[in-house]
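In this document, chain identifiers A, B and C correspond to the written order of the chains, with residue numbering beginning at 1 in each.
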Amino acid sequence: MSSSIASRSIGILLPLVVSLIVSGVVLLVIGKNPLDVFSLIATESFGNARRIAATLSAATPLLFTAVATAVCFRSGVFNVGVEGAFLVGGLAAVFLGFTLPAAWGFALFPICFFAAALIGAIWLYVPGILLAKFEVDEVVSTLMLNFIAVAITGYLVNGPLLSPLSGNNVTPLIHEVAYLPRLMPPSTLHAGFLIGLVCVAAYGFWCRYTPAGFEGGLIGLNQRFSRAVGISVPRTIVGVMILSGVIAGIGGAAHGMGQMHRFSDGFSPGYGFTGMAVALLGRNHPIGIVLGAILFGALASAGTTIQLFSNIPLDLVNIIQGTVMIFAVVELGRISLRRKKGTANAG
Amino acid sequence: MMTNMTRRILQVTTACTSLMAGSALWADERPAAMIIAQGGLGDGSWNDTANAGFQSGLEKTGVEGRTIESADVAAQGEEIMRRAADGGFGLVISLEWIHGEPMEMLAKDYPDTNWVIMNQTRTGDNIASVVFGEHEGSFLAGALAAQVTTDTSIEGINADATIGVIGGFKAPGIDKFIVGYIQGAKAVNPDIEVKVAYADSFGDPAKGLQMANAMFDEGADIVYQVAGGTGIGIIEAAKARGHYAIGVDSDQDGMAPGNVLTSMVKRVDVAVDEIVTGYAADNFPGGEVIQFGLAENGVALSEMTHTKDKVPAAYIERVTAYKAQIIAGELDVWDVSSQGYPDFFK
Amino acid sequence: MQVEQILVSTLILTTPILLAAIGGLVNRQAGIVNIGLEAKMLSGAFVAVIVSSATQSWFIACLAAALSSAVIGWMFSLTITRAHANMIVAGLGLNILVAGVLGFILSWVYKTSGTLRQPDVVLLPDVLPEFFEKIPVIGPALSSLDPLTIFAWITVFCLPFVLTNTRIGLWIRATGNAPHVTRAVGLRSLAIQDASTAFAGFFAGLAGAHLALASLGLFNEGLTAGRGFIALAAFYFGRDRPIQTAMACLLFGFLDNTQIRLQTAGFPPKLIGMTPYLMVLLALIFTSVRAQRKARL
């Protein structure tokens, strides 16, 4: 990974440019003016304060999932299970949010967040220890755990935790006192966004200024060297997985207590996977993560609301998002056309 | 940044303008928006049927309208609805159940916008709640199926008193159909066996096909589909195996003529069409709960154009009799969404 | 009657996953984890329906599906091998992109949403003549065999030989296991990887064609429904070996079948639905623990 500013900015701009070209072509084919559409998306995302708030609101879950992913990717641990940890953490927080007495007031916040962090940590500890001790491939184990998380939370929401008298699979609403406050009412932007920023900042601090963060990055660069200098690779692996679970869980709690106020089917439409794209687009760097989260948040939010003002279907947004995801992880500075460069490998 | 003052001025201006518009006896020409439920268009049932009604209503009245889909429709609901209201839309309909609670709150903030929610009741002078009687329609479907399933003189029917139902997801909204169906079947034959399964998807026809085949293997000869796009596979399975499926939401008899016994039609298209028309004529049913049950012809069994000749008239008459009883209030069909789960179902 | 039907449906449920898994395992042997199988299955199904209706030939339809997905696979592979894209995210992105493109085509070109029906779609034929059905127990399963299923199983049994005893097989495995050696010997490892991804695309396209043409005869946006990921689970479970992977696919097909029947017996649907994933996880743990124990000896 080249650290020069030039290649970093190309790394972030290239996917955008390519996806704009691809979607521009698609738009021309169906007879629409790409410039009109893109400017509409831009105004819907950032046009005025309310729009910006909506974009940031959509970006909030991505801050958490991106950091949770980056923590592991940076260490060479290919954790794709943030989605699952987000779900189980979110459900845990929401569960306490409507089960514990409302009279506990503000005490509910730390309790729910702590529970979510704990559950998330346990959830990702399992594949962590499996990888560290038994060399179980973390890609598959975490991928499977995602499906299992969806199944378990889905079962609980429809069964024991189902809200009486409802038409859908939803839990009861959490107590109003447990709602995260809104930052710019009436927009849905909530305090979870600030918590997310704090997480990103903490992540940046952790990477740069703490031994643990440094070790995490080191084993990502060269495991053999890390072992040689006395770093316990297994312990570091488990450590970053737990940390990832904590952040993903907190993200779920923030989403459940700030945005949704309950748990339901569709609680996470793939925030974990989008977060992965954000982490990679941002090259695991805190500022890159924030920008990436805002970009994807804008796509999600504006992609929906532009349907109110144009005939652009949701599919176009998917095309843009898919292209961005693919080209986000391309490293332009290292395009190899000759055979010398070597093979691709996972991570 | 919109200060309170600016907002207040905007609200007053909007109020004045609409007052003037109202007093000028002009019909509401602000555009309409309809938010599509989770699963999106192309489900072949709920969303598509509602959209058909929406489009026909728009065509008839000349009102401009837009449908909005989202991959994150649960979390974005409030933002979308607020954006629509801010963006000058006069009618905002949501097909997504979860939007009920935020809509109730938004309706207070936007008294000049007309709001519509489905499958639940919300309070507000500018909210119209549409409630369907899918449990009642499903009762009739079950009653018909129970009669047909043991009549071996009808082709494709075996002697077993076994029928089936496949739901999209395990959820109260779907179980409402299923429980009604079971109740109707048991009213005809208390010993009937009704097989229940869930596909865990509203868009996997291949799975629907397999699940229906599994039920046919276990002796069912009629399978009721409450699974949207997955149900397309269920109907295809009935066609391939020479048995029967029962369609849902829209008239699906034509998907496999002769192999779809009937369809439990849920006239969400009529509901949406009527609402759009009413809105355009300044006659929006704000504050009302619109019942679309059997009595109002909001749900019904299809005309059975392709299967009428196969089914003895006596069976259809008995179903009609049940219908009359339900409408007259003599027969109570269990409603999962307001009564929870009954003893005879889990 | 029950046993026979279970055999038939297990066979049919297994084939698409098996086809995709075959492609996936070869791809992984060459060093690429193909998360984008879903996308290629979906596009394969789409192409198959359109071509089948247009040419009235299931064979051309399957071929077209396979080739188009192979091309997509190859282009996708280029982003990984030449531009060093992260294969996991690129794969996920491909899934989203292709779903978006297909949805777009469906609504703008065919003016429909979600489902595409074409006139006179030719389904896959039954290969064996009717009287086979009379054979006890395995009869109905045999008579429902279609060309793709047979092709899949033939490939499964030929692949081990090809991988271990031919030069191409050696190249593929060397590229995946010992990239430095491959380079030292002068092989064009990147081209080999691209070819293996195209191979995976070819088979994924066939998997999609089977999904569409085996019994349904139509295309629906949700046709793949996560089967690409189950195929991934299968070849991880089978440690990239063809026969073990095929067994895993059969197991999943069987579990899927049982799951359907267990539901009618009253088990909670959501929990049963996660059985294949749970099984993979447990198998993964089990095999890894065992490998570790052996290594320690």
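Operating definition for what follows: a residue touches a chain if its C-beta (ideal position, glycine included) is under 8 Å from a C-beta of that chain, and two chains touch if they have at least 3 such contacts.
Because the structure is predicted, anything quoted here is derived from the model rather than measured.
Asks: Hey, which chain ends up farthest from chain A, C-alpha centres compared?
Replies: So the chain farthest away from chain A turns out to be B.
Asks: By count of C-beta pairs in contact, what is the leading chain pair?
Replies: By number of C-beta pairs in contact, the leading chain pair is A-C.
Asks: What whole-number Å value describes the gap between the mean CA coordinates of chain A and chain C?
Replies: From the centre of chain A to the centre of chain C is 29 Å.
Asks: Between chain A and chain B, what's the gap in Å when you average each chain's C-alpha atoms?
Replies: Centre separation, chain A to chain B: 34 Å.
Asks: Multi-chain contacts only, two chains or more: what residues does chain B have there?
Replies: 40, 170
Asks: Residues touching two or more other chains, restricted to chain C: which are they?
Replies: 268, 270, 273
Asks: Residue numbers in chain A touching 2 or more other chains?
Replies: Touching at least two other chains: 158, 313-314, 318.
Asks: What part of chain B is in contact with chain A in the complex they form?
Replies: Residue positions touching the partner: 1-2, 33, 38, 40, 66-76, 78-80, 82-84, 86-87, 89, 97-98, 101, 109, 119-120, 169-173, 176, 337-338, 340.
Asks: Touching residues of chain C toward chain B in the complex: what are they?
Replies: 1-2, 5-6, 9, 12-13, 16, 106, 112-115, 211, 215-218, 220-223, 225, 256-257, 260-261, 263-264, 266, 268-270, 273
Asks: Hey, which residues of chain A end up touching chain C in the complex?
Replies: Touch list, chain A to chain C: 26, 30, 78, 80, 130, 133-137, 139-141, 143-145, 147-148, 150-152, 154-155, 158-159, 273, 276-277, 280, 313-319, 321-332, 334-337, 339-347.
Asks: Looking at the complex, which residues from chain B come into contact with chain C?
Replies: Those in contact with chain C are residues 40-44, 48, 164, 170, 195-198, 200-207, 209-211, 213-215, 217-218, 229-230, 232-233, 236-237, 240, 346.
Asks: What residues on chain C touch chain A, complex-wise?
Replies: Answer in residue numbers: 31-33, 76, 79-90, 92-101, 103-104, 107-108, 175-176, 179-180, 182-183, 188-191, 193, 226, 229, 232-233, 236, 268, 270-271, 273-274, 277-278, 280-281, 284-285, 288-289, 291-292.
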